[in-house]
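These are the structures, in structure tokens.
There are two complexes below, and they share chain A, which is joined by chain B in the first and by chain C in the second.
Right, the complex of A and B next:
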């Protein structure tokens, strides 16, 4: 009986392999428009199975849970590239198959999370900075993170609902790295954040743009891409690149180890790197693209807007997010809980 | 409760049920991409919804999965209920209790155990694993619905039929099925709905080449609800409403 059962299962499973000329992409929702997927399918005849995840943790768990999860192309954030490459989950990229790799902006290459870009190609990026509503009277004085502690801003701030992002504010204010894993430093950051408590109005990560547009908070943390989108509907939104430093996040494409459709995965990756394709994507999702050739193709009012593409001098103040050990993450989580409970 | 307060109380309960859905439908007509304030009436989200091919692929996948798993679960579950009711065998009550355990056990347990099983027998996650999982969690509901209907049958019907020389097959076709079909329909609809909106079990057993609607909506919502999703949910609500009205209508016509 057991044998028959597993035979039937095996037969049914083999059916799902029928469509071999495909590529399985697993990415954040809303980053690649359908038209680009369709264009790829038309040009290459390869069928794209596009699935989406809601957090890096989901992606990571899904890949860890099954030996052969079947995903070919994935889009983790920088610190998860770091973790996954060290855990041998990513394919070492053959640059000969990525003829458009040269289109990428060198500012986002060879970062510490993937020193020689052996495993990943940067795709979109952003800066976590300060948004302000110009109508708010005290807004002009804000230049750096430490300004947020000012007594004038009682019950005004919106912070992202993410432990590491919020701690990075305090770490930067104290002069530490945003990737600090020293538990004493994290504790100091926690105590610093507790002083910020009276100014915090809310934590949110999933409706940032509507909060900006609907005046639900006058200042706080936001990604520059989100502030740019909010500005399209509400001109009073301004964005400050804090003088005391900030975090740069990058979402990257990578190919999984033992990808079932490796050649197609390379074709997909190279297609995304093509200047005209990357430009289409950037126009659709409005996040800053890591593709320099595509950036040059964008309309003047986007590519020259420092809100989306800050100058090299500003970007130099930024720090790329990298992975930290699980033990340090646990410390972050512990203080994060306490911080939110004491609110 | 007095005669005067009970309409008030019922209204309150219904408001509690339906206000979220009304809000959602209202927002699907809001002329703004991000803002949650009212910016005027617009049909643009419905327009976008109907041109979003990717979303419709997931809708199609979910409908296909729902119909297949509901049909198979109803067939298998119905037969299981009939045999539990008709035939006395050792461990019958124990088996019936096991079905309740499946209904009561947290879905996350089902999800993880399915994932481990599929890993163990080396089945690639995708359409088939989803189908198996959905049939598994739908079937107990069918068994319970059908069985509770059968308990209300007059046992003498079967004895009379046998007395008149009917075989088991004839009894099944001429008596049990006609009496049972409202329960089977109810079981089918229940299974279809369960399959259509399942996130937890599906999350564990879904594979890369078969994305279904609930998982897609879930990942989209985490990064901000797009008004397009509101439009889709409104359409689904209206379709459900029509289906419920249809099934009520069909049930009323039969005695």
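Right, the complex of A and C next:
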């Protein structure tokens, strides 16, 4: 049964990966500019097969369904690094082959999702906080997540279309961890979110920037990187690091177990860690980089903007996203459906 | 003659191989998966169980199915009310425009429906074409809330599915025998009676075919409620997607797909029974 499944999927996945001196990279869209890929190909002569996924779940399902999907380098978020390393899906990194590992910002190393960074190197990160359109009349007083429950904001909020991100708001408001797996706590968070329902205008994760710029929502949750990008086109956008705590997400590079081009994968990973390359990437995707050397090379107006690089004091309020067991995920999913069906 | 039968055999075998590999085998896999269990380390594993089907019988999933049926039904009704006169006028048209008008219905099919849905966002959003125009001519001062609500979902569904209603009706109405209408008139029926007693029963097969062609996709196009409705409710399509991707529960996701497929098959069966052996079919 599984074999047939695997064969079919493997056949489809492997069609494009015939070339020998190559590396197969599977990453989020828009995070690595083409010019950087071309530079890597020119410097090393290694052909890059670059493909993208739209969610960690897609990446994970693809790698699980086919033991050998053919990808060498992948870019999951922190909680999926956690899951995949425990399920023995990642290569234990040989740091001797990653000479630029030292460029990384220690603030994002040795986190609980990958202690000692044995399996992953942090790449970009972000904070899920509150965005505000200053033109919106009632916007001034918002400092923390619990302010969003105010009756003034009926049918105004945009929330990310992601169960764990949305539940983290309520969990934080109630004083729990954003990584809580206790079903009683999740239920309390659900009841809290149900009270927020009249204020919710929409859920969206893939067109956040244009929604901010075009006034389709005046208030809600967004990543600081997206708020920064929206602000370039619309100065009225403000971003709040909630006082009651927030989630920090980190997207990391890792090498798959039994990667078909392991040596090339190391070369690619090390190339991405190089300060000048990471700076180029950071300037292009405008997300906060986990590469300290690259951060120092950025223009003053970016590296000193607290919207992109909040101070250490602010970051200390944040909590890194970690994996939770499938049984708890099922609880989240159940209440997520209940939440959306209750009107 | 011999050539003919080889060709027939060849084309038939293509159809059968196609059905076997791209319809029967995948569906068989889904059925098997729906009867298995899962764990953190295996997407699907033994033992066999019917637990997944028992789990579907949960108030929340029934409400999701009910809401999907409601939305799809409403969409079908609107398509019928808009599509019937539309198809009737085009079908009865004598001018040379007719071909062009039919072409205009088909042209949108040349673009992916997902892309057309994104273009609806550009039309409906706060700074979209409609709101900019109305604000430009000074008719309104604050943008109308045209997007991220149920109305937007219905607009999107009807826009995407209307041709599926119009086309079967068109072929049906075109084949209407004018002599029957003339005869009704000669026998003293007024326009309304003619429509009710002659035209409507004769076009019933077209109506039913159109309704089914609209209803089935309306149940499962999950991206329209997501993009235009602001993802505020879970529909059958989202439910299945979430079980596979978010909850990693492939057996349960498969079970929901099978239940949905059975419900839709039942509708087809009702249609098949209702048209079978009817006299209207002989008249066509």
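The criterion applied here is as follows: the second predicted complex is superposed on the first by the 323 of 343 C-alpha atoms of A that agree within 3 Å, B and C clash if a C-alpha of one lies under 4 Å from a C-alpha of the other, contacts with A are read in each partner's own complex, and residues count from 1 in each chain.
Definition applied: a contact is a pair of C-beta atoms (placed from the backbone, for glycine too) under 8 Å apart; a residue touches a chain by one contact, two chains touch by 3 or more.
Computed from a predicted structure; not experimentally measured.
Once the complexes are laid over each other on chain A, chain B and chain C cannot both fit and instead clash.
In the superposed model, A:65 makes contact with both chain B and chain C.
One of chain B and chain C touches more residues of chain A, and that partner is B. In the superposed model, A:313 lies in contact with neither chain B nor chain C. In the superposition on chain A, A:325 contacts chain C only, with no contact to chain B. When the two complexes are overlaid on their common chain A, residue A:341 makes contact with chain C while staying clear of chain B. By the document's definition of touching, neither partner reaches A:235: not chain B, not chain C.
Once the two complexes are laid over each other on the shared chain, residue contacts for A:163 go to chain C alone; chain B is not touched. Contacts of A:214 after superposition on the shared chain: both chain B and chain C are touched. Within the superposed three-chain model, A:30 lies in touch with chain B and out of touch with chain C [touch as defined at top].
By the touch criterion defined above, A:55 lies against chain B and chain C together after alignment on the C-alpha atoms of chain A.
Among 1-9, 181-189, 199-207 or 271-279, the region of chain C with C-alpha atoms clashing against chain B is 1-9. For the contact definition in use here, the residues of chain A common to its chain B contact set and its chain C contact set are 55, 58, 65, 207, 214.
Those residues of chain A whose C-beta lies close enough to touch chain B in the complex are 6, 9-10, 12-13, 15-17, 19, 22, 24-26, 28-30, 34, 37-38, 49-55, 58, 65-72, 206-210, 213-214, 229-230, 233.
Contact residues on chain B toward chain A in their complex (touch as defined above): 32-37, 52-54, 115, 118-119, 121, 123-128, 204, 206-211, 215-216, 218-226. Against chain C, in their complex, chain A makes its touches with residues 1-2, 4-5, 55, 57-58, 60-61, 64-65, 87, 161, 163, 200-204, 207, 214-216, 325-326, 329-330, 333-334, 336-338, 340-341, 343. Contacts from chain C toward chain A in the complex involve residues 29, 32-33, 36, 39-44, 60, 63-64, 67, 121, 125-127, 143, 147-148, 226, 229-234, 239, 242-249.
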